[in-house]
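Before I ask anything, let me first share the structure, which is written out below as structure tokens.
Chain nomenclature is as follows: A, B, C, D and E, assigned in order of appearance, with residue numbering initiated at 1 for each chain independently.
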Amino acid sequence: MTATLPRPAGTRPRPLVKRRTAQVTRADQLAALGCAVSAVLLTWFVLHLLLTSPGWLADLAVAYGLYLAMLYVVTRDRLGRLAAADRLVSTIVVTGAMGLLVPLLFLLGYIVVHGAPFLRWGFFGHDMSTVGPADPVTATGGLHAVVGTLEQTALTLVLVVPLGLLTAIFLNETRSRFRRPVRIMVDAMSGLPSIVAGLFVYAALIIPGIQAGVGFFSYSGLMATLALTMVMLPTVTRTIDVVLRLVPAGLREASLALGASRARTVWSVVLPTARTGVTTAVILGVARVAGETAPLLFTSFGAVFLNADPVTGPQESLPLFVYRYIKEPLENVQQRGYVGALVLILLIFTLFALARLAGRDRSKRRTRRSTKRTQETR
Amino acid sequence: MSVVLPRAVADVPSRADRVFRRVTTGAGLAMLAILVVIGFFLVYRSGPAFDASGFGFFTTVKFDAANGVLGVLGLLYGTVVVALIAICVAVPLSVLAALFITEYASGRLRGFLTGLVDLLAAIPSLLYGLWGFSFLGPQVVPVSAWLTHNFGWFPPFAHQDNTLFLNSMFIAGLIVSLMVLPITTSVIREVFTQTPPGEKEAALALGSTRWGMVKTVVLPFGRGGIIGGSMLGLGRALGETIAVSLLLPQVPQITTHVLQFGGATISGFIANNSGASGLALSGLMAAGLVLFGFTLATNFTASVIISRSRSGAGVDA
Amino acid sequence: MTDTTTVSIPDSPPAVRLTGGPPPGAAELESRGVAAWFGDRLVLEDVSLRMPAREVTALIGPSGCGKSTFLRILNRMHELVPSASLAGEVLLDGTDIYADGTRAQHVRLRIGMVFQKPNPFPAMSIRDNVLAGLKLAGVKCDDKAALVEQSLQRAGLWREVRDRLNAPGGALSGGQQQRLCIARSLAVQPNVLLMDEPCSALDPTSTRRIEQTIAEIGHEVTVVIVTHNMQQAQRVSDHCAFFLAAENEPGRVVEHGPTAKIFGSPEDERTHDYVTGRFG
Amino acid sequence: MTDTTTVSIPDSPPAVRLTGGPPPGAAELESRGVAAWFGDRLVLEDVSLRMPAREVTALIGPSGCGKSTFLRILNRMHELVPSASLAGEVLLDGTDIYADGTRAQHVRLRIGMVFQKPNPFPAMSIRDNVLAGLKLAGVKCDDKAALVEQSLQRAGLWREVRDRLNAPGGALSGGQQQRLCIARSLAVQPNVLLMDEPCSALDPTSTRRIEQTIAEIGHEVTVVIVTHNMQQAQRVSDHCAFFLAAENEPGRVVEHGPTAKIFGSPEDERTHDYVTGRFG
Amino acid sequence: DKITGSGSTYVGPAMADWQNGANSRGIPVNYATRGSPTGVNQYGDRTVDFAGTEAEITSLIAAGGGGQSAEQRGYQYVPDVAGAVAVMYNVTDAAGNKVDYLHLTREVIGRIFTRDITRWSDPAISATNGGKALPDQPITLLGRTGQSGTTALFYDFVAHTAPGPYQAFVRRNEGTGIGPLPDGVRPIQLPYSGPDADFYKLFADSEQIAQAVGKGSVPFSIGYDEFSYALRYNAPTAWVENQAHQYTQPFAENIAAALTKADLRPDLSQKLDGVYANPDPKTYPISAYSYLMMPCTTGRDTCRGGYDAAGKTDTITGFLEHIACDGQVNMARIGYSPLPPNLAQEMMNANARLTGRPPKQLTAANCANPTFHGGLGAGAASPPDPFEKLGGVKKLTNPGAQDGPGKPTGPSSAAGTATATASSGEDLANGGSKNWRDPAPAAYDHGTDAGFGGWAVLVLAVVIVAPLVVRGVVRRFRRS
């Protein structure tokens, strides 16, 4: 019987050479290339020699359709129906993913091309109060807008983070019977259109406030903050809620089993573990709020001069800055709008990069956790 | 043996715990209160508008404070049409993109794309509107023209003579679709990643191709997520404001011709009338309330669908 | 070796002809110098094993020594893990399944697999579950009803489900689900069947049923089974291979041979320690 | 009963005084007519067991018979599951831990617990992990460094980590993490230590280390351990209780007594079948 | 104290210039362009301190656009700058070439915008454009959605130049958005339903109109808009005939010339009959003043008291002084015309009505307003009418006068001579067959199924299907 399971010949192990296990072989690549080339040629032949092409978009569509058809036919011939369908779908899926990428690149490119030539450091050095409409675009100053955006988002943070965090903790770590209604309300509130939030602040606080002569309630950064808070609160709460839910229940149990109180567990175990996730959630929320325009029309009104006091008087912010200028009829004034848009994009990218940075070690941990999970499922 | 009954177990919370419970409950209730106040106020302030037009508010196309005609139907119609167009464009793309991210892309690319989706979500609506108005809109005109020319028999693609293709609900829908893409993609991706690996491996181990596996396992599993994600996207699309206000003429009307100039949405209309007062303001409030109710309904339907579906457990969009 | 309780197995149903499926009969599987990595980490080294046709080979060893990894290498499931790579050869009836131009789908069609956790397609009916393999792999069959009956009978599930073939697969109990998975794998008439701890999530009764099933099908296809349960390995297998991984080292085959020998008079002391329950 | 390999255990370090912690010494634990429900489902019925002080009691039985549930009842973790309820009494040195006015926090401080999956706090260093219990439960200590050393030594981890006490707890291997969790539980000097399959996720070497640790601390605190591994139960425990749940019935204690008797000459046939590996 | 204003988009660029000037001399002013009605309402709601508007409160109230609250707050009108409404169009001639030379009389404009003239081939239009008829296409009108001061100004002009059609138009559309208009009150909103609405395309703002016209996206359309938007988007702008039978476009000198005949009512609101019929040959008839709306304490029966904060009073008086003098310097350059001395002085009087103190007297010595110095400022001059070079509209229309009407109406001659519209000339003139600006690009025209699809199917069949069929046949052949 031992004969059926012989020891491998030779005692020394073979050299360990990793083997290629790719799904796509050289022949597949060649076939795809061939299909692509012939699709392009055929398109050219049909649309440009036989007919008049309606435009590059039509060329693209026809060539793509031809490529798909050829790929299917060729693969079906080589490998059979199932493999052909598989390859066809793979191609379509890749195209779909590009549908995500292409508009983004176009959008970014458009704004960079229109804004970058005119962006100077001076943009961050002064406001627009002394820049006339006929002045060159490079004289644009956005200090007031940048300051306004920073102040409003910071204030929003101050309002949102504690409330959102506490609510998320309430939803996750307590067993109150109000949890269900609160969860429903948070969901409901996340459906509140931002413009309605702005309208609410305008009609419920600003108008009555001004008419009653309370100086506090007038167009101001603070009012914008209130509207933005209504927009940001539910999203931030929900994301923190999700992040807290990701904290392994085992950690909570471990803490409780050591004799900790609930409060202690949340403070010393849950929050530190979820810290990076919460940070990411908050920064992403900020990024979203920083670009919000609609409610500001009703609440902070906008200004051309620097107003560093968020509590009184109209205040500019980057989205308003952009909105103000892109609608003006003079070309150089419109370009100011693009400069502002560029700065807004840069600000949001910075915030985004921050979020990635803050979330990095969390993602590492998560991959570790997920490998463990895959091990367990096997 | 006698029937055993559970005994009451009561814990004595420490002081820290009592404070903890009070504070968090307070925060939760504050949340509740905020929404109730908003809702109440909206209802209160839209009272005059409802008084003025009664139920007709919901059946009137025009919104014209001038003649005391307040109606939300035309606005609502535009809102829904734009949102539907957006969803029709965004959902297939989202499904494909989510499939690519979860099933086709490998390691690094997957992380990159996931980040990209988040990034897309962070780009302000204003910039999409700006881009759509000055760049995409004109680019789409020949497409619209072509559609009309070849598929004009299909009512939505029909087009009246002498109107333009710019500023159409179609273009607005396209722009909004770009804005809802991130949210639908991330919900659908989230659901797809929850597909039980066991079932996927089972399919593959039976000799299935990747597409076969996706078709038999991933898509059926993710169906609830796809529907729910679409509804969430729809909710988002309904509320889009500034881009739409830059793009559409904001004339309340009901037309099936989505390729041609025209259209209005509630939020865009509100933004364009930011200085209304008196009855008009009340009318805007009422329209806002209707919009709010509408997004609420879609969001709730979405969460019900997501949580009812097999893929719903643990997914939170 | 098999359990002594006899369950009346009906006469073998008429053979069903498949077109486009694996070649008929069992096949011998042999690994030569197989090694496996996850990322940069070597988890399995120099595994050379012959798994003879029409016999049951059991892979035993403590947790984490690479049994599952090895099993997944045998039908090219290993390469589905993003960071995974491997070395060596796996010969199916003498042909390397990793040779260039060999398609993984095709290999997997010939080498079926049953997993630790039962994983029927929950939304499909029982019948569709059994036929899923045909559909997914594009295999044609002249008599589907007969095939369903045959497969379910070989998996020992026919009597329990014949009246509700249209019920969803997710509605069965755990043990039934696992047998449904076995039936599903058998339906495409594979040459080899791999099983990764098929009973570890099941109750004693179901376990016994599945062991019977293994004993039955072991005469028709080649079976490779991973198990943690020494008694089970003794009961079901003809051959046995003991895997072991020292801390921070890749797993290796410490000893292999006929089951009786491994459990009766192992050569290696670690094997002895393990099969007598000293650790693991 | 313990493993024969001797590892040199250093002389017991100077005792560290805690204030606000549990009373010193081990305590006896006794359950009387304990039953447990999840929602409306009765999963455990009429469990009366005595777990003597300073000895190791093992709970064995097939999956799903309620061992974990019982263990969690012993330190009031059960009530954390939203739908869970229970009946019966659990006496800690004669006092019912479920009596009115008893604070669960306090009970848990006296009765430590180690879980199946190692769960050190990933955001804390090794030292902080060991001291976490003090911080979380508000126990004071006059010499933290000594306490850290003492606890890690009793858990058999001191040598391996003494040079990197500030490394994060998540950076250890699985077995080390589990020992870190044991050290963390020991640091508050509990009267009883509950362990729910502490070795099931670990490799053989780590398992052996932890069994040693159990043998050591078994002389100082009362230990209750759940295990699936018969050999392990035999090796580490003084007493043994066999749980069993028939299908759709709650789990019960079928037999309990000294380990030697349960494994050598069980009275119940099911116990015999189980300990000899017939099922499970 | 800072003051905040909002309203007219028409005055937007001018306001930007004034803000900048005022702020640099320490007068903090903040203005947002949200449209005249919005400005008036926000002023009434006291959320802003002043408004910029062309729409008068009476029109606003008539159209239901609010305004009552502003009446309660009290107001006075203060003219701040002169501007004009341009008529932009997008028409192609029979040959498919873009028309950029349109000359229109005031009456024809009035009749077009009241839908009395409904087709481009109307003889009234060809009469002033070389006599050759434009294509027989319906005229599509472009206007502003909702309420707009520009609309009010333009329809005031229409009401005077084509009174009959205007009356009919208003009566037709009472229930469709225009509202019941008392005598003398002009619509600030266009019909959005009813028979006329089908031919109206309403846009949300000036920019959308200008873009649509500039890009030629609405074939055979004509609309009205601020001139600066027309320039920005290269939209062709009509030459409008004045009382002296000269054709002009809205450059500063033409606006200034026109407004010399503006009548101001006692409340300073404008009565523009004189402007529309101004005999000065330089007159651009659709010119008008834009207004500030601000509180006052004495001197008008609409006064209801000043600001709560004295600081605001100081700021706004300073601001008005700036507008009246230094603020007018740049106006011609950005498409407006500076205020004449008497109106500049009126701004000072408005200050007096707010503060109750005697007004400051402006003179050439203390005011930089170019009109005090006999000029209009840089950028005021109009380019010559392209038809003048060719002999004037009359001569062109008379077939005997030259070698035929067709030639000068050709795009090349117009583009070559018209500097004012030259910006739109170059790339609009070559409306080739593949240009999508063309209403029906050639390729789409011919690309119906018959042409495109048939060929494609055929080629596909030949290139792909045939080899496969052949191969299949060969295989079967071999097998057997």
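Operating definition for what follows: a contact is a pair of C-beta atoms (placed from the backbone, for glycine too) under 8 Å apart; a residue touches a chain by one contact, two chains touch by 3 or more.
If you want to know which protein each chain is, UniProt gives these names: A = Phosphate transport system permease protein PstA; B = Phosphate transport system permease protein; C, D = Phosphate ABC transporter ATPase.
None of the values given here were measured: they were computed from a predicted structure.
Among all the other chains, which ones are in touch with both chain B and chain E?
Intersection of chain B and chain E contact lists gives A.
Using the touch definition from the top, what's the fewest steps needed to get from chain D to chain E?
Each step joins two touching chains, and the minimum needed here is 2.
By the touch criterion stated at the start, how many steps lie between chain C and chain E on the shortest route?
Counted as steps through touching chains, the separation is 2.
Specify the chain pair with the maximum number of C-beta contact pairs.
Per-pair contact counts point to A-B as the maximum.
Could you work out how far chain C has to rotate to sit on chain D, using CA atoms and steps of 5 degrees?
Fitting chain C to chain D on C-alpha positions yields an angle of 175 degrees.
Which whole number of Å gives the spacing of the CA centres of chain A and chain D?
The mean C-alpha positions of chain A and chain D differ by 46 Å.
Approximately how many whole Å separate the CA-defined centres of chain A and chain B?
16
Please report how many Å separate the Cα centroid of chain B from that of chain D, as a whole number.
Inter-chain centre distance comes to 51 Å.
What residues in chain D touch two or more of the other chains?
Correct list: 105.
Pull out every residue in chain B that's touching 2 or more other chains.
13-14, 142, 146, 198, 209, 212, 245, 274 - these are the residues of chain B that touch more than one other chain.
Going through chain A residue by residue, note those that touch at least 2 other chains and give them in order.
Residues 54-55, 82-83, 261, 264, 297, 374, 377 of chain A touch two or more partner chains.
Contact residues on chain D for chain A in the complex?
Within the complex, chain D touches chain A at residues 75, 77, 80, 82, 105-106, 108-110, 112-113, 115, 117, 119, 121-124, 132-133, 135-138, 170, 181, 184-185, 188.
Spell out the residues on chain B that touch chain D in their complex, using ranges where they run on.
The touching residues are 1, 4-7, 9-14.
Where on chain A is chain E touching in the complex?
42, 45-46, 50-55, 62, 66, 69-70, 73, 77, 128-135, 206-207, 210-211, 213, 218-219, 297, 301-305, 307, 313-314, 324, 327-331, 333-334
Could you pull out which chain B residues touch chain A in their complex?
Residue positions touching the partner: 13-14, 16-17, 19-21, 23-32, 34-36, 38, 41-42, 45, 92-93, 95-97, 99-101, 103-105, 111, 113, 115-128, 130-131, 134-136, 142-143, 146, 178, 181, 185, 197-198, 209-212, 214, 235, 238-239, 241-242, 245, 266-267, 270-271, 274, 281, 284-285, 288-289, 291-292, 295-296, 298-300, 303, 314, 316.
Using the touch definition from the top, list the residues of chain D that touch chain B in their complex.
Residue list for chain D touching chain B: 33, 35, 37, 45-46, 76, 79, 85-88, 98, 100-105.
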